[in-house]
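Each of the next two complexes has chain A plus one more chain, namely chain B in the first and chain C in the second.
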Partner chain A sequence: MLSAILYAIPFLGAGLAVTLLVSLLTVSLSLVIGGLMGVALVYGPAPLRWVIRGFSDVVRGIPILVLIFFVYYGLPVAGLNLQPFSAAVLALTVFKCAQVIENVRGAIGSIPRGQMDAGKAIGLTFPARLVYVIAPQAVRRFLPPWINGVTDAVKGSALVSLLGVTDLMHSIQQVIGRTYEALPLYVLGAVFYFVINYTLSMLSRRLELRYSYIRD
Partner chain B sequence: MGYALNFNLIWRHFDRLWGGLILSLELAVLAIGIGVVIGLVLAIAHVSGGRLTRAAIGAYVEVIRNVPLILLVYLVFYGLPQAVDIAYDATTSFVATLSLYAGAYLVEVFRSGLAAVPAGLIDAGKAIGLTPWQRLIHVRLPTMLRITLPALSNTFVSLFKDTSIASVIAVPELTYGAQWINTNTFRIVEVYLIVTGMYLVTGYAILLGLRAIERRFSIGR
Partner chain C sequence: METSSSIPKPAPLLQIAGVKKQYGSVPVLRGVDLNVRRGQVVTILGPSGSGKTTLLRCVNFLEVYDGGSVQIDGQEVGYRDVVQKKFRSERDLARIRAETGMVFQMFNLFPHLTAAENVMLGLTKVRGKSKGEARDLASHWLGRVGLGDKLDRLPSQLSGGQQQRVGIARAVAMGPKILLLDEITSALDPELVGEVLDVVLDLADEGMTMLVVTHEIAFAREVSSEIVFMADGVIDTQGPPEDLFEGARGSERFRAFLSRFETHHRRR
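Showing the complex of A and B:
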């Protein structure tokens, strides 16, 4: 058992790098795209708001596994042939975008309307109100739930193993295929995932404590 | 080259999707039922137990919540039988896993709900001479359930979606039905369009039903 674990470590290390890369790409892409879509959901014109609301509701309404298969097996029909890695990142980004949109909507929604009015009253333009009045306050409300949601991206990334991407989950299964030591290796994999996600949720808890009091 | 959508083959095999959806719902209901029991018992134990009990429950919650469900599913189905002498089919194994998973999320929901029961209500119970047990059954639990309803609805719907993971150990639920049709007919886009619709409609139907219950029982605050 110990020899199997020692044998597995380098493979799991390589898989871990892929898991982290997939998660990092997903999280950063969805932060930018979802952030913009979230702002557009709050302040955009009506048709755009409907589209984003529909997108978010549909994506959050289906299992992420179905989304991943849909993107990987379905997009080639539309002429877009993606490698498993790109398809995995795209599907996870779409999934995470919907979460970020709701995080942004919640954060902006929690700021009193008077703040926007006050900005207007002192003659700030709309972009200036957004950047100098809303954003600094909204970011503190946005950060804790968002970081908490980053663990969903890491956990969701385990599903890309089903497309044949050699991430942490997939490398665990490959080593089990060679050693037949299923239990110790799954437990070892669980430890890897736990360490990443627990660190993230601790970080989120600390931020929440720090930002829970908002100076008016 | 264009791709012409052809749903005929899907309708021919629709019984696999329909049966799959029913199984998905059954898995969700079973796991939620067991998960609620685990969650309630552990939440009460957490609130009334000593430091050791709290630490043990906290460890269970943190471990389950920070590990991907797919890994837990593999661990229970392929890993556990190596250590303990048990044999179970994929469906039983998945229900056990999802129940444990649900339990970890529900403990947190119930625990914060118990903490949110106003102290005045418990004092009032004391004042009219209820024993601690009676206070739990007649005051704290009913109030806690009404407080936690919105969070419960979200957890239930998300657990329903998580049943799709059962397909990785060949439990013939909805996602597995979709994969079967893919492998046998190659009508991939059609299958996933239909299956997406089925998950959406079912998920939102569950949510609307639960929202109705919420409106009936919610506490105006």
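Showing the complex of A and C:
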């Protein structure tokens, strides 16, 4: 058993790197794109708001696995052929975008209206109000739920193994195929995922504490 | 030689003419005319729902008025073209808003900024002052409202009365032509009301032009050069406080409004 684990470590290490890469790409792309869409959902013109609202509702109503298969097997029908890795990242990013949109909307929505009024009253333009008044308060509200959502992205990334991407999950299965040591390897894999996500949770908890005094 | 009567009166600093506003099908302002001259303190009284806060918020275009005109120093506030209802650009509107200062019922301090930074934000980002200059001004005005030792406190570390005095400093430091006070003591514990109103009385003594909405009748009587009583979206009674309070003038409705306050006080 120990030898199986020692044998597995380099493979799992490579898989872990892919899992982290998929997660990192998903999280950063969705942060930028979802962030902008979230701001547009709150302050944008009505037609744009409807489109984003529809996008978010639809995506959040679909299981992430369906989304992944849709991108990989469905989009080629529409002429878009993606490699498993790109398809996986795209599907996870779309999924995570919807979450970020809702995180942003919630964060901005919980800022009292009077803050905008006060910014207007001292003569700040809309962009200045966004940067100096809304954003600093929104970020404090946004971070804890967002980091909790990042753990979803890490966990969800295990589904990319179904497209044959050799991530942590897939490399576990490969090693099991060779060694037949299912239990210790799944436990080992679980420990890897747990360590990543527990670290993120702790970070989120610390941020929450750090910003708790600022809540009005 | 000109006789005194032919000397043209200076145009009022704030001219509100025929202002109308509806929320859906509910009229809130039904044609309000009101002028405020430089150095005047005009106080708006009235029952809740009479439109007084809405009127105040039209002056810096926090509320969009549907009809009529609001001018500060001869400039229409929210519209580039008031007849065709063309709004000003965001930049233009911000520039005009910077000429008015507003203090809010709920203070609306920026909770992520210290007292000094609350005052400095408009000075640096709107007035283009350096951090150093802005800090000096903030320190001056916070000192004036009795908070010289609280510059680096966050709003959450201040009492309601202190927060509201920061709110006043933030508005006044911008050097506004007119100060709008929207029920600034309504959210305060009774024992904290005095410290805030004292600051306002000081400002009035120095000639600050103010448009005030308040429920503090005694304060209104003391500070105002003109009292305006609103009811159902129009001005019902208007006059100097001497006439309205000592002279017992004004509409029946206004007298009834005042008597409610008096009986209330007697009961206490």
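Convention: the second predicted complex is superposed on the first by the 214 of 216 C-alpha atoms of A that agree within 3 Å, B and C clash if a C-alpha of one lies under 4 Å from a C-alpha of the other, contacts with A are read in each partner's own complex, and residues count from 1 in each chain.
Note that in this section a residue touches a chain if its C-beta (ideal position, glycine included) is under 8 Å from a C-beta of that chain, and two chains touch if they have at least 3 such contacts.
Since this is a predicted model, take the numbers as computed values, not measurements.
Asks: Based on the superposed arrangement around chain A, label chain B with chain C as either clash or fit.
Replies: Once both complexes are aligned on chain A, chain B and chain C fit side by side.
Asks: According to the stated criteria, A:126 is in contact with first (chain B), second (chain C), both, or neither; which is it?
Replies: second
Asks: What is the contact status of A:162 with respect to chain B (first) and chain C (second): first, second, both, or neither?
Replies: first
Asks: Pick one for A:8: touches chain B only (first), chain C only (second), both, or neither.
Replies: neither
Asks: May I ask you to decide whether A:194 touches chain B, chain C, both, or neither, giving the answer as first, second, both or neither?
Replies: A:194: touches chain B, not chain C.
Asks: Using the superposed model, determine the angle chain B, chain A, chain C defined by their C-alpha centres, to the nearest 10 degrees.
Replies: 100
Asks: More residues of chain A in touch with chain C or with chain B?
Replies: So, of the two partners, B touches more residues of chain A.
Asks: By the touch definition at the top of the document, which applies to A:61: first (chain B), second (chain C), both, or neither?
Replies: First partner only.
Asks: Applying the document's definition of touch, where does A:140 land relative to chain B and chain C: first, second, both, or neither?
Replies: Only chain C; A:140 stays clear of chain B.
Asks: Under the stated touch criterion, which partner chain does A:183 make contact with: chain B (first), chain C (second), both, or neither?
Replies: In the superposition, A:183 touches chain B alone.
Asks: In the superposition described above, what is the shortest C-alpha distance between chain B and chain C in Å? Please give a whole number.
Replies: 21
Asks: So in the complex, the part of chain C that touches chain A is made up of which residues?
Replies: Checking each residue of chain C against chain A gives 60-62, 90-91, 94-95, 97-102, 104, 106, 108-112, 121-122, 125-126, 154-156, 170-171, 174, 180.
Asks: Going by the contact rule set out above, which residues of chain A touch chain B in the complex?
Replies: Per the stated touch rule, the residues are 58, 61-66, 69-70, 73-74, 77-78, 151, 154-159, 161-162, 169, 172-173, 176, 181-183, 185-187, 189-190, 193-194, 197-198, 201.
Asks: For chain B, which residues count as touching chain A in their complex?
Replies: On the chain B side, the touching residues are 3, 62-63, 65-72, 74-75, 78-80, 82-83, 161-165, 167-168, 175, 178-179, 182, 188-189, 192, 195-196, 199-200, 203-204.
Asks: Taking the complex as given, what residues does chain A use to touch chain C?
Replies: The touching residues are 112, 114-115, 117-118, 120-126, 128, 132-133, 136-137, 140, 213-216.
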